[in-house]
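One structure, pasted below without further comment.
Going in written order, the chains are labelled A, B, C, D and E, and every chain counts its residues from 1.
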Amino acid sequence: QNAKVSNATVAFLMPDQASTRYEEHDFPGFKAEMEKLCPTCKVIYQNADANVSRQQQQFNSAISQGAKVIVLDPVDSAAAASLVKQAQGQGIKVIAYDRPIPDAKADFYVSFDNQAIGKSIADSLVQHLKKANVTAGSGMGVLQINGSPTDAAAGLIKKGIHEGLDNSGYPILAEYDTPEWAPPKAQQWASGQITRFNKNILGVAAANDGTAGGAIAAFKAAGMNSVPPVTGNDATIAALQLIIAGDQYNTISKPSEIVAAAAANIAVQLMAGETPKPDTTLFNTPSKLFVPAVITAENLKAEIIDKKINTAEQLCSGRYAEGCKKLGITQ
Amino acid sequence: MTKGAEQNAQAAPLLDRRDERVKHAEGIGGAVRAFWDRIRSGDLGSLPVVVGLAIIWTVFQSLNPVFLAPNNLINLLFDCSTVGVIALGIVCILIVGEIDLSVGSVSGFASALVGVLWVNQGWPVSIAILAALLFGVLIGALYAVMFNRFGMPSFVATLAGLLSILGLQLYLLGSTGSINLPYEAPLVNFGQLLVMPDPVSYALAALPGIVMFVLGYRIAARRREAGLSPQPLTSLLLRCVLVTVVLEIIVYYLNLDRGIPWMFGLFVGLVVVMNYALTRTKWGRQMLAVGGNREAARRAGINVRFIYMTAFMLCSGLAAAGGILSAARLASASQQAGTGDVNLNAIAAAVIGGTSLFGGRGSAYSALLGIIVIQSIASGLTLLDLSSSLRYMITGAVLAIAVIVDSLARRSRASHGRA
Amino acid sequence: MDRTQEQRSTREPVLSLRGISKHFGAVSALTDIDLDVHAGEVVALVGDNGAGKSTLVKILAGVHQPSSGSITFRGKPVTLADPSAALGLGIATVFQDLALCENLDVVANIFLGRELSPYRLDEVYMELKAWTLLNELSARIPSVREPVASLSGGQRQTVAIARSLLLEPKLILLDEPTAALGVAQTAEVLDLIERVRDRGLGVIMISHNMEDVRAVADRIVVLRLGRNNGVFEPDASNQELVSAITGAANNSVSRRASRRRAQSAQAPAPEGRP
Amino acid sequence: MTKGAEQNAQAAPLLDRRDERVKHAEGIGGAVRAFWDRIRSGDLGSLPVVVGLAIIWTVFQSLNPVFLAPNNLINLLFDCSTVGVIALGIVCILIVGEIDLSVGSVSGFASALVGVLWVNQGWPVSIAILAALLFGVLIGALYAVMFNRFGMPSFVATLAGLLSILGLQLYLLGSTGSINLPYEAPLVNFGQLLVMPDPVSYALAALPGIVMFVLGYRIAARRREAGLSPQPLTSLLLRCVLVTVVLEIIVYYLNLDRGIPWMFGLFVGLVVVMNYALTRTKWGRQMLAVGGNREAARRAGINVRFIYMTAFMLCSGLAAAGGILSAARLASASQQAGTGDVNLNAIAAAVIGGTSLFGGRGSAYSALLGIIVIQSIASGLTLLDLSSSLRYMITGAVLAIAVIVDSLARRSRASHGRA
Amino acid sequence: MDRTQEQRSTREPVLSLRGISKHFGAVSALTDIDLDVHAGEVVALVGDNGAGKSTLVKILAGVHQPSSGSITFRGKPVTLADPSAALGLGIATVFQDLALCENLDVVANIFLGRELSPYRLDEVYMELKAWTLLNELSARIPSVREPVASLSGGQRQTVAIARSLLLEPKLILLDEPTAALGVAQTAEVLDLIERVRDRGLGVIMISHNMEDVRAVADRIVVLRLGRNNGVFEPDASNQELVSAITGAANNSVSRRASRRRAQSAQAPAPEGRP
């Protein structure tokens, strides 16, 4: 595409393993687009496993290897500021990816907004409850299960969920920051709340699919067959299957490949010395934002199967076949 | 024989009662007095941990009356079983004076393996479980080889294992992230729902007392025959009745709600078997000997390498078993399984229960006691609405309090010359 | 004594060492040691502190491997790769540092590695046997169910000796077995050694007590600085033995003796040997 | 005196050369032979770890030539310094045979405290740093009290600390999340940019050789005077020259790029001071004695409680210092700081470097060596494009290989009777 | 001997114990022990294995606390709360189990707790001093820079004795100091005890060797089963002492002696005492 851009090195630095999306969707999407735009370019991929220091190490090593553009999904948005400054001091462009870097002006920001995701999780739950004419009687309400207390992204989602729930008319009975996003912890906590509140739990707003699965397991283990609506996030196969089986209410599907491709596009433009066109400006940074989709049983086929994010075979194995039929995914 | 011994022989005292410097307890009064003496001198076994536990329970109960509700206690028992099995393995490895940092990873990988083989590949569940257990045992054997052949410190070998196996787990689940186990499967039911029918639980609760009595009676008879002091029948009876009554009350209380989980039954069964193996078999004796003084054990002709091999294999094998149980409990195998504080919790349970980190001292029951302490704290805090910062602080503080009681008792014991 | 001397000449030795050396880093603890032990013979190994006696015993017990040299046991060359190999051949050892497990009780220590009924330890029988063995050695141990850590030095030594009695060995190595024992217990152990010898076993005994050595030994082998330094009959004079041990006729022992003799010329000499 | 000794006295051999069983090395040839003997018998100090390191470096360099580029090595040195300081504290606590699991939390809290006090509250940075250090030291004192007064096992006490202090850290940062440290501030520059001017670094690299020579010369003179065998001058000179040349080459190479980070200089300085304290002061001797045999140390009149107190205080204090350095390195104080693998890495560094987990054996240099091994693996792997799962697996494998070399050497040492 | 006897009657004792008892759980290791030690006096403490000798020494060294009873040191009642208190008063102890740090070398062990120039250890001086002390005890130690773990039993005991010589104590407690020592080293230690006594220090020595006890002791105190069982002069007969120790006139020692006397009636008796 551009003669100036060849043999360049681009780094794609991802934050953690809390969901598989980075290795299963974001990086393949980025790589595919880069191969299209600049076949001779070299792409460095690293995942920091939720460790700030490791991300710094990976960032430095990307610079050592001569990266011209670094796409950074920061483990800690605040801490990333110094990385951005350091890179820009050496003439290296930084694209903030997925999570913003408010304290430093990155060269571009490509994302969906985690706080917005949190809000849509909550909104979807509230709408569902309202639609089902559930009213919060005395002592009734919803549970909120957040992500890891030491994870900045979890903090943003938590904020968003609060935004959606706080004035919804459904009080929060109890909320929990799940250490390490660990599903067993979420399960243990939810079990305790079930003992406490029993039938008064109208729904659960969980920050990702893992913790949602833990909550569902808790309800099942308490012998409840009708699980109240439980939200999720990340659209993992396991969660989609739970939705098909009717155990989970929703999840959030992020078009990661598309966003990653956009990031690749912008990276190539920056290397070529062009100025990519922003949609908007966030935190003083030219930005391109994408809207995640809330997936429920109703739109699962349309959003997941039809958009080829997952195939019917992946989802409809064994005992999910029946549910798939019901939703019209398979015949 | 000296004249003193001859004099004794005239009065025909029992073989082990010839030393006039030792006070012996006679009858029930004596037993009570001896017990009181032991309390004063701090030789209490696990009593202090139990006292610490009682304090924790009282406090949590007063803060939220749901805590001691049978339903919550039953949840507690379910949760205890998974990490408890891992802690049992840790007890084995601590007894020989080594450590295994990779139990978390092994448990996580085992759950992933069951998920992949059973759900994704469609293997029969029993084969998948066997494969996971086999994997655990093989990992343990690998550590043992590193330790025996290369003399690699177990801390480093198992740290390398922790990382590698975590990598394997991520790799195995790489494409899916987590795998749901079918809710209706017997394995998941076992981990989530299955409880003992009431008569079975009452019968099982009566068993320990009966076995204790029968064995105690037979041993007392044999000792009397051999010219050794037998345990007085009254005090034996007293203890058996006490144990039975306490257990039956607990069972009754829990049967008010769902009842005793089979999974907890499995855990306790493993503890009892392990306790038997450690205290009443040659192998167990040799484990303690190797942990206490490796060189002395070697000189006594013990196959020290074999003992380490069994200890590592048991530890990793039980870790894998714990992993399978927690997959069953969660009805899912995920990338997060076994990460986080599983390692620390399992080791801490063993240590809190009274197993020494330095080898040579420990019992299977310490895993049971320790995990109950840890899970009680976790469960109690779950019922209070706390921010995570407060939750961490309080967990730490409560843990400290639970152990201080025990430490103080041990301290007084040491100052009475019984280390 | 004539009896054993005769046996010795006609029979093959139970154990025979040739040219045994052992280096620890830069230190040569043993150099070219030769030693024979016959059945029904008590060989006393004496020598100064650090002469290498315990190192030799440890080599025979399979604890250390010799740097060079050959070991012949009952006519066959053997390598003692580890202690269980030595135990398997029938070599029982009481170590100078006792090698007990302090965390286990007396019964467990006595039966360590030789527990009966491995899947269901017979505690009653083991306790009975332990008491019997200890009484034979006239030990005064308050309880055999306390960990060894709480025993006195002599009590521990008795436990270590009791252990070696459990086996049916061909050769017993005793490394300073009476060092911490009381007078009564020492007498019992010397009696025991004589009984063991009379059953036709070979015994190697190490001791610094010339009295005890002369009382039971059929032959006294002296080590000095890791080398053979002479073989003596038990009726050799103290003077001779001490010079062989210290490597000098004028040593602290002789000086002290002559000084005391001069001092106590007027005072009545205390009664001699027990 | 015996005749042997008298004979010796005639030939007037040195006091420590009277035992004819010991071979002594004479001259350079002898020194080389002695060195070869030591290699054969496995008495090598830290040589095996260095060999392991060399293997790792060669492999990584062959996989990606950027690895040994000065720029990458300088980054490596920056990264070593933060956890290295923590590992240095771990060495102290391991030497007395105890453990501190909370170093990660303490370091994280210290960085948070500096952030809050300095950036949010506007305190002078020096006071904020002092406050954080003080906090660390006080935490250590608290552990020591728990250990000395209540006899609480340090494993449990510091586990409780880990949780409580993590809670405190979350609480402190609760309202803000993370705090950015000003990018222009000297502290941040120190952690990210500041390197020694070339002349300074050359001079500092020459220092060890000179000091070694001067001290060695003076000691040799005194020993000769006292009738003890002195170290031969030639071999002393040889060693000093060798050390100086190696150091100067390293410095030259790194000065091709930015140069030696001051932060690394600080770390090495701390290591040297700690090494002096451990080997050449009464306190250090007593630390090793307490770790080797606590009861013997007590009977020698050593104030055992005081020694534990200093060990715990130093460990936590250095953990706080490491936390401040990592805040400077990151230019931010965050909730993640100190979580994750900081604990394990710090302990593993000390153990890999040769400090025993069981007390009584260890040196300050083990922290330096160990952390270089660990960070080399981490840095080497970041230069390869690997998925996380592969990275974990390879980290584990490489760690195992690095330590196996060392373990094999130790093993041969043990089989040569030098345990 | 007359000299010290006279001193004893006129002077206050350095150390005086009244009614000392010590229980370990159900075991009464010591019951109502009384003991006096005067300056310039060597008191030998003898008794069967497990009689409580070491326990008494440990109480005096501040290692254990007595369950009841009072201790008077140089006229003042004292409580010995820990070993440093005892060391501070000038009570130096050689323990039966030696209490050495195996991971440290010989020099470090000798100077443990008494290092000179605390901020800059003077290794040259300490090594010199260590060699001097060890030579005084005619120890044969290959190197003082090896960890104590590599020393032989007797070498370790010498190191432990050398430690106690570093202090300027008022009272020395020696718990079986010669148990593992060779003949030469034993003679040196006995000489040493006499020198120490002549410098006016009090000495308590424990030994199972009646020979050694009679050689240096001014008074022999017998413990039996944790109780005082008589005080003897050094010229008491072996017979007497042994019966006091074992609590019976007919004991294994006397039986063994009479048996041997009968046996060796025709054979020539080996030369007597050294």
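Basically, contacts are C-beta pairs under 8 Å (C-beta built on N, C-alpha and C of every residue); 3 or more make two chains touch, one makes a residue touch a chain.
This is a predicted model, so every value here is computed, not measured.
Novice: Could you run down the chains that neighbour chain A and chain B together?
Specialist: For chain A paired with chain B, the chains in contact with each are D, in label order.
Novice: Select, from B-E and A-D, the pair of chains that is joined by more C-beta pairs in contact.
Specialist: A-D
Novice: Using mean Cα positions as chain centres, tell me which chain lies farthest from chain E.
Specialist: A
Novice: Using mean CA coordinates as chain centres, what's the chain A-chain D distance in Å?
Specialist: About 41 Å, centre to centre.
Novice: Quick one: chain B and chain C, Cα centre-to-centre, how many Å?
Specialist: About 43 Å separates the centre of chain B from that of chain C.
Novice: Taking the mean of the CA coordinates per chain, how far is chain A from chain E in Å?
Specialist: 76
Novice: Residue numbers in chain E touching 2 or more other chains?
Specialist: Chain E, residues with two or more chain partners: 24, 27, 138, 140-143, 150, 184, 225, 246, 251-252.
Novice: Multi-chain contacts only, two chains or more: what residues does chain B have there?
Specialist: 2, 19, 21-22, 170, 174, 387-389, 417-418
Novice: Give the residues of chain A touching no fewer than two other chains, as numbers and ranges.
Specialist: Only 17, 23, 149 qualify.
Novice: I'd like to see which chains touch which, written out pair by pair.
Specialist: Listed in label order, the chain pairs in contact are A-B, A-D, B-C, B-D, B-E, C-D, C-E, D-E.
Novice: Contact residues on chain D for chain C in the complex?
Specialist: Chain D reaches chain C through residues 1-4, 6, 19-24, 34, 37-38, 41, 43, 415-418.
Novice: Within the complex, which stretch of chain B touches chain D?
Specialist: 99, 101, 146, 150-153, 155-157, 159-171, 174, 344, 347-348, 351-352, 357-358, 387-397, 399-400, 403-404, 407-408, 410-411, 414
Novice: How about chain E: which of its residues touch chain C in the complex?
Specialist: Interface residues on the chain E side: 1, 24, 27, 47-51, 54-55, 96-97, 138-143, 150-155, 157-158, 176, 179-188, 190-191, 208-211, 214-215, 225, 234-235, 237-239, 242, 245-246, 251-253, 255-257, 260, 267-268, 270-274.
Novice: Spell out the residues on chain D that touch chain E in their complex, using ranges where they run on.
Specialist: 1-2, 5, 15-16, 19, 21-22, 219, 222-223, 226-228, 280-283, 285-286, 288-289, 291-293, 295-303, 360-361, 417-419
Novice: Name, in rising order, each residue of chain C that touches chain D in their complex.
Specialist: Touch residues, chain C against chain D: 22-29, 31, 64-65, 225-226, 246-252.
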